[in-house]
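First subunit A sits with subunit B, and in the next complex the same chain sits with subunit C.
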Partner chain A sequence: MILLKLISWQYVRKHLLRSLLTIAGIVLGVAVFVGMHTANQSVLTAFTQTVDRIAGATQLQITAGEAGFEEEVLERVQNVPEVRVAVPVIEAVATPETRSKGNLLILAVDMTGDRSLREYALEDGDDSFIEDPLVFLAQPDSIMITQEFAAENGIKSNDALTLNSMDGPKKFVVRGIMKSSGLTSAFGGNLAIMDVYAAQKVFGRGRRFDRIDLAVQEGLRPEEVGKKLEQILGAGYQVESPSSRGKQFESLSSVYGMLANITSLFALFIGMFIIYNSFAIAVTQRRSEIGILRALGATRGQIQVLFLMESAVGGLIGAGLGAGLGVLIARGMAGSLGNLLGEIYGVAQKAEEVSSDPQLLAGAMVLGLITSLVAAWIPARNAARVDPVQALQKGKFQLLTAGENRTRRGLAFLFLVLVGLSLVYGEGRLIFYAGYFLSIFAGVLMVPTLGLWLAKGLRPLLKAIWPVEGALAADSLIQSPRRTSGAVAALALSVSLIIALGGMTQAAYASIEEWLRIALNPDMYLSPSQNLTDRSFRFPAAFAEEVAKLPGVRRTQFVRTVRLPVDGEPVMFVSLEVASIRKEVRLPVVSGDGDKMYAEAAAGRGVIVSDNFALQHKRKAGEILTVNTPEGPLDMPILGTVVDYSDQKGSILIDRAVYEKYWKDDSVNVVRIYLDEGVTVAQMRDRVAAQMGDRYRYFVFTNEDLRSYILKITDQWFGLTYIQIAVAVLVSILGIVNTLTVSITDRRRELGVLQAVGGLRMQIRGTIWLEALTIGAIGLVLGWVFGAVALYYALETSARDLSGMRLEYSYPFRMALVLIPVILGSSFLSSLGPAETAVRGSLVEALEYE
Partner chain B sequence: MSKWLWLLVAGTLWAQDARQIVEESQKRHRSRSQQYEGVLEVYDAKGGKNEKRWQFARIGSYGESKSVLRFLAPPLVKGVALLIHNHPDRASDQWMWTPELNRDRRIALQDRSTRFFGTDFSFEDLEERDVDQSDYKLLGEVALNGQACYQIEATPKKTRASQYAKTVIWVRKDILLPVQFEMYVKTELTKRMVHRKVEQVQGVWSTLELEMNDLRKKTRTVMKTEKLKYDMTLPEERFTLQALRRGE
Partner chain C sequence: MIELTGVTKRFDGKKQVTALNTVNLRIDKGEMVSLVGPSGSGKSTLLNLIGGLDKPSTGEIALDGAVLSGLSDDALTKLRRDKIGFIFQFFNLLPTLTCLENVSLPLHLRGWKKAQIEERAHELLTLVGLGKRLEHLPEELSGGERQRVAIARALSVYPPILLADEPTGNLDSATGVEILGLIRDLHERLQTTVLIVTHDKNVAESCARQIALKDGVVVQDRRV
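Then we have the complex of A and B:
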């Protein structure tokens, strides 16, 4: 501790800027980790809080996936003696026409029995007068809102509130304002209660409920009653605690969580090189100091601990700052991330408050600390090995020994062989990822050698263009590869990350656009919801049938999308008329016989699954997929796999007749319409309007609208990738600034001598600028090469563990070219400060340095 | 006969008497059918008043009756109806009809303890119970409003689900008509129902005005009966779900 105060603190004070730059990598890595996870956690917390608050005293919830079930199930449940109270529920999100923006979560219940489960504290404290319960039930336009929502929108009791319903915009009457309580804070206070039977009409549910909430008789264990209910109802129904809905959402958004991990770990990994670089140089610079300490009796262990302690303190400070910055980032992105996840997965939540998880923050601190310690381990060990006699001699420390280089090359070669073997025998996840990491290590180990070769290769060019500055810059890099290798490695890794992400994005866009071209080829679509992923509203089958009969309609296809549990996870089922789809759409076949699989699926003799479902659930064509339906288990052969991007977690195409038969659900989410030749979308829009009038709520989407909508969501999703790219660029710039700052300090004497013998300030500046540009160029070239490998692994990771999307390898040459001005420009900018420092320092001090 | 055995026999006879009183009371006031128009006045804790009118019809009685209750006013609730099928051996079946929604809903057994549309009655309070659905104990003879009454404690049998642990009933000795009920949830007295206006209609002693007090919420509901008639001919078909849906 005394050494830390006497030696390290003095050093930090003297090199404050460098110290700050050193920990900046940790700050950024931890900030990204905390920010992305906190935002994700906040969205998840918002969802589970809404679920909890809405659940009230509910102990169990009965669902049949998202498909819902017929009313008679309620009576069966209510007749089970162990059930104290069971009430039907419909939950939906609607858009109110109010001055405050945001959706309203509608909780539709049977008010006659629901108060046994939920506490509706009304504003006046008594429910019998302020709002008449009989009027509430008698009038289907009755709605009860929260005090918060009422205050925000200036709504009073008996005021009208317009909501978009299946029958078009519909005026509701506020017949109850709930006092603030746990329930009213659900969904950020944007909660409304209405009668479940009225909601069936408003949301197009027919005579079905979304779920049943229940409480068991006193003294009984909910789990045991749940098992009994499952036996009575059959496996097609899920009887779970309300909290399990949070787990389902977590499972849906796991892709995002994994992406957040990859980004932050990569940022930390790059940050590690910056720390390594700084410490390696610090050890070199402080050799004489170490020598004196050793001569005075300090042990090797004490020296090593001293450097590790410095690193630990730096790591902790960096992690602390990063955690704070991360929470700020999370505040900025929680709302938009909530909307994005809501749009992608169609799950209602409202993330407005950021909840920082102490465990996450503690984990981030530990991560920052470990990263810092790992990065400083080798420099600290080298410091401990310093020979006191040699240390007190000047000028022998910049050389990277030939032996050291040989060892690195040898290790790199060994790693490359292992990587090759892992690719040949890498079916297993462990071997695959081991190969991935070894490839990174091999690349990092090769950086000094490759950097040296490239610097040597660039020297003639630099000398030819700028005889003095160019030669000096190249020589500086050639003579002290250790000083620059960390920065070059950080930069190369950043560039490789950008190439990998850019390549993956490019491939994903290409694949999605191709899928859009093939799968989404109708002329227009009708949807009951403005947000196509929202399944709150559904058309009754009668609506779709009326549309089909309109003149000018060549073909219609009724689509019902619904998440149902498969292997315990919610999976998107796309129910449609396969025979009709077969005539218009041929999704690219991955396995199975194209013609046969469609014919068999149309006959209801099996299902077609998407490639990403097959990959994520490890299923193959020919296997039997057992789906639990309300009618009992349904065994369907997997007829084949196709490329389909309907859902990130995979999709199952099932014939509509089979779905209707087993789930007793004939509602429709989307009507696909193909028009007769010569009929325009505008004409058909008018015909639909004339036919339907105000009887139904519907939105018309043209083919172009739908494509734009899907591409907009894709853009939002890949917006996260751009965050990763920005982080990568930022970290690499930090690396260059750090290296140059160190380099200037390190070469103060050399630069001083140059000035003393007549070197112009402009020449010194030029040397520093060229040095930065050369580091940038070397990092860029190595990054391009590493990126080619990283892209392969990124695509494989995506296919294996992220979305299951099998994307074509295509090197992002355009992005690689865009990186030239970005990286070289950043390198140049990052050299401006250090260059000025180099020319403005005192010449006398510079000559006395060391 | 030991003292204890005597007490046991005496207790059984006492209980037998209580049951007989209730049975006799039901028998005396039995009618084949009944019809009236009622007014419900619901008073909140602050004295605010809400009024509704309804029409009530019943055929059969005590445990085997079927009744329909249809609201007439105010306009927002007009046409809302409740159909009750009472059974001697189990809880009644109840359905509610909401004309604006054009559909019926079943009132689940579990929901019977909830308030009947904001009044101080619960759905269970509207049921007519067969004498065999409870055990009875004669607590004594007391005077109520100057009238001599039997005070009887009715405890629901285990087979009969009820929100109440017990109900204490005051039955006028002279006409054997129940004139006051006190309902207990667990051990707490929660509600009191007082028959305030009692008259003979077509030779049947009938309650024309009663008041239900919720002692916890400090609210009360007054129910007034008008145009009361007994033993008219009412078609059985009128007391079906189909008729309910037709608005009959």
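Then we have the complex of A and C:
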């Protein structure tokens, strides 16, 4: 400990900037980890809080996926003696037409029984109609809102609130303002209560409920009652505690969680190189200090522990700062992330508060500490091996020995062989990822050798253009691979990440656009919601049938999308008229016979699954898929797999007739419309308006609208991955600043000589700038090469474990070119500070510098 | 002509140190002068001030009438380029550059054309007797040879003033004599003003004028 104070602290004080830059890598890595996870956690917490607050005293909830069920199910549940109270619920999000900020989560209940589960305390104390639910029920336009929503929107009791219902705009009267309580804080306070039977009309539910909330008789265990209910109702119904809805949402958004993990681990991995580089430099620069300590009796172990302690302290400080920064990042992004996840998965929540999990923060601290210790391990071991006699002599300590280079190259070769083997025999996840990591290690080990070759190759060119500045900049790199290789490795890894992500994004866009062209080819769409992923509202079948009869409509297809559990996970079922779809859409077939599979599916003899479903759920064509329906288990053969990007977690195409038969649900989410030749979308819009008038709520989307909506969501999703790019570039730029800061210290005398023999300040700056640009150029070239490999692995990872999207390998040449100005520009910017330091110092001291 | 008027140099630290105290000095064109004195007497400081590597705390230094304290950093560098050549005790050659490149360095910095640079560098290295070691790196040369390269570099534009800080201090005595002979020869042939800081009595006595410093003050100024 005393050595830490006497030796390390003095060194840190003397090299404060460099020490700060060193821990900056950890700060950023941990900040991204904490930020992305905390934001995600906040969204999940907001969702589960909403669920919990709305649940009240509910012990069990009965659902049939998102499909809902008929009213008679309620009676069956209420007749079970173990059930104390069971009430129907419809839960949906609506946008009020007047005087409102934000969406309203509508909880529609049956007030006669619901007060046993939830408390509705009113602001003005006038609970009369709550005391007598019949008063509330007798007036079907009744609605209750929260004190918070009322205050924010200036709404008073008996004011009107218009909701755009399935039957057109419908005026409700605010007949109660609820006092602040657990319930009213659900969905950020934007909550309204209405009668469930009124909601059936508002949201187009027909005579169906979304779910049943229930409490069991006193003294009974809810789990046991739940099992009994499952037996009575059949496997098509899920009987779960309210908290399990949170788990379902977590499962839906798991792709985002994985993305957050990859981003932060990558940032930490690059940060590790910065720390490694800094410690490797510190060990070489402090050789004489180590020599003196060893001469004075310090053991090798004490030296190693000293350096590890330094890294531990740095790691903890970096992780602490990173955790704080991460919480700030989460505060900034939780709201927009919530909206994005809401749009992608169609799940309502309102993330306003950031909930930082102490376990996550502790985990981040441990992660920062471990990263720092791992990074400093090799330099600390090298420090312990320093020979005291040699250490006290001056020498070329920045050079790597031939032996070191041979060992690195040997290991790299061995790793490459193993990578090759993993590719040939790498079906298993473990072998595949081992190969992935070994390929990264092989690249990193080759960096000093490849970097040296490139620097030597660039020297003649640099010298030809800038005889002094260019030659010296290249020489600085050639002479000090130990100093520069860490920064070059970090930069090369960042560039490779960008290439991999860029390539993946390019391929994903190309595939999605191709899918949009093939699958979404109707001229226009009608949807009951403004947001196409929101399934709160549904058209009754009668609406769709009326549209089909309009003159000028060549063909309509009624689509009902609904998430239902498969293998315990919610999966998107797309029910439509398969025969009609086949006439217009030819989704690329991955496995199975195209014509045959559609014919069989149209006849209700099986389902067609998307390729990403097949990959994620490890299912193949020919296998039997058992789906639990309200009518009992339904065994459907998988007739084939097709490319379909309807949902990130995969989709199952099922004929509408089969869906209607087993789920007793003829409602429609979207009507796809193909127009007769010569009929325009505008004309059809008018015809629909004339026919429907105010009888229905609907929104018209043109083909172009839908495409741009999907591309907008895709953009937002990939926007998250661009955070990775920004962090990676930032961390590697820190590495360059760090390396240059050391470089100008090492080259102080050389730079002094340059000035003494007539070098102008601009020329001195020039050599530092060129050194940075050369590091940038080498990192860029190596990153391009590493990126080609990283892209392969990124596409495989995406197909295997992320979205299940099988994307074509296509090297992003345009992005590689765009990186030239980005990386060289960033490298140049990172050299401005060090270059100024280089020209500001005392010339006399520089010439005397040892 | 080099002219110092009331030049004082103080170094601020925990305790202020006066390295030079009100030095007045005039060195005419073509003189060969030695600066002697014990360690800490201020001789290297004086040389650095004359070379424009450092600035006096008070007083004025003028080279051929140009007052250094009034010049910007870049103007000072340009003046140093044209008028001054430096020879250091530890040679200060750039280890990664060949002899030819080291000598070419100041000419490149002046923006000379490549052919001119090569011609001049050849000429200078031949002048110092290293015409056949053009492509050697400094580490492949002996101490004396390295100092010859350093001298060739200092002479790159045949500056009127040559400043040498212990030019033989890092050499054995025979090589020291050889280097001193070379400097004297160049001084005579090129009429260069030479200022040599030295501890070596023989070197000091080989100069026509000897200036002795003690505690930052000129205590002796004699012509031999």
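In the analysis below, the second predicted complex is superposed on the first by the 828 of 850 C-alpha atoms of A that agree within 3 Å, B and C clash if a C-alpha of one lies under 4 Å from a C-alpha of the other, contacts with A are read in each partner's own complex, and residues count from 1 in each chain.
As a convention for this text, contacts are C-beta pairs under 8 Å (C-beta built on N, C-alpha and C of every residue); 3 or more make two chains touch, one makes a residue touch a chain.
Remember, predicted model here, so these are calculated numbers, not experimental data.
S.K.: For A:V757 in the superposed arrangement: first (subunit B), second (subunit C), both or neither?
M.R.: Once the two structures are laid over each other on A, A:V757 reaches subunit C alone.
S.K.: Please indicate which partner A:A160 is in contact with in the superposed arrangement: first for subunit B, second for subunit C, both, or neither.
M.R.: Touch partners of A:A160: none, neither subunit B nor subunit C.
S.K.: Per the contact definition in the header, classify A:P140: touching subunit B only (first), subunit C only (second), both, or neither.
M.R.: first
S.K.: Just to be sure I read the superposition right, which of the two partners does A:V417 touch: subunit B = first, subunit C = second, or both, or neither?
M.R.: Touch partners of A:V417: none, neither subunit B nor subunit C.
S.K.: For A:Y197 in the superposed arrangement: first (subunit B), second (subunit C), both or neither?
M.R.: A:Y197 contacts subunit B only, not subunit C.
S.K.: Who does A:L829 touch here: subunit B (first), subunit C (second), both, or neither?
M.R.: neither
S.K.: When the two structures are overlaid on chain A, which partner does A:A726 contact: first (subunit B), second (subunit C), both, or neither?
M.R.: The answer is neither, since A:A726 touches no partner chain.
S.K.: Of all residues in subunit B, which touch subunit A in the complex?
M.R.: Its residues touching subunit A are 42, 44-45, 48, 50, 52, 71, 74, 76-77, 79-80, 96, 98-101, 103, 105-111, 113-115, 117-119, 123, 217, 219.
S.K.: Enumerate the contact residues on subunit A facing subunit C in the complex.
M.R.: Against subunit C, subunit A makes touches at 467-468, 471-472, 475, 478-479, 749-750, 752-763, 842-844, 847.
S.K.: Please name which positions on subunit A make contact with subunit B in the complex.
M.R.: 74-75, 78, 83-86, 110, 112-113, 115-116, 126-129, 132-135, 137-140, 195, 197-198, 201
S.K.: Going by the contact rule at the top, pick out the subunit C residues touching subunit A in the complex.
M.R.: Of all residues in subunit C, those touching subunit A are 48, 51, 53-54, 73-74, 77-78, 80-81, 86, 88, 92, 94-97, 101, 104-106, 108-110, 114, 153-154, 156.
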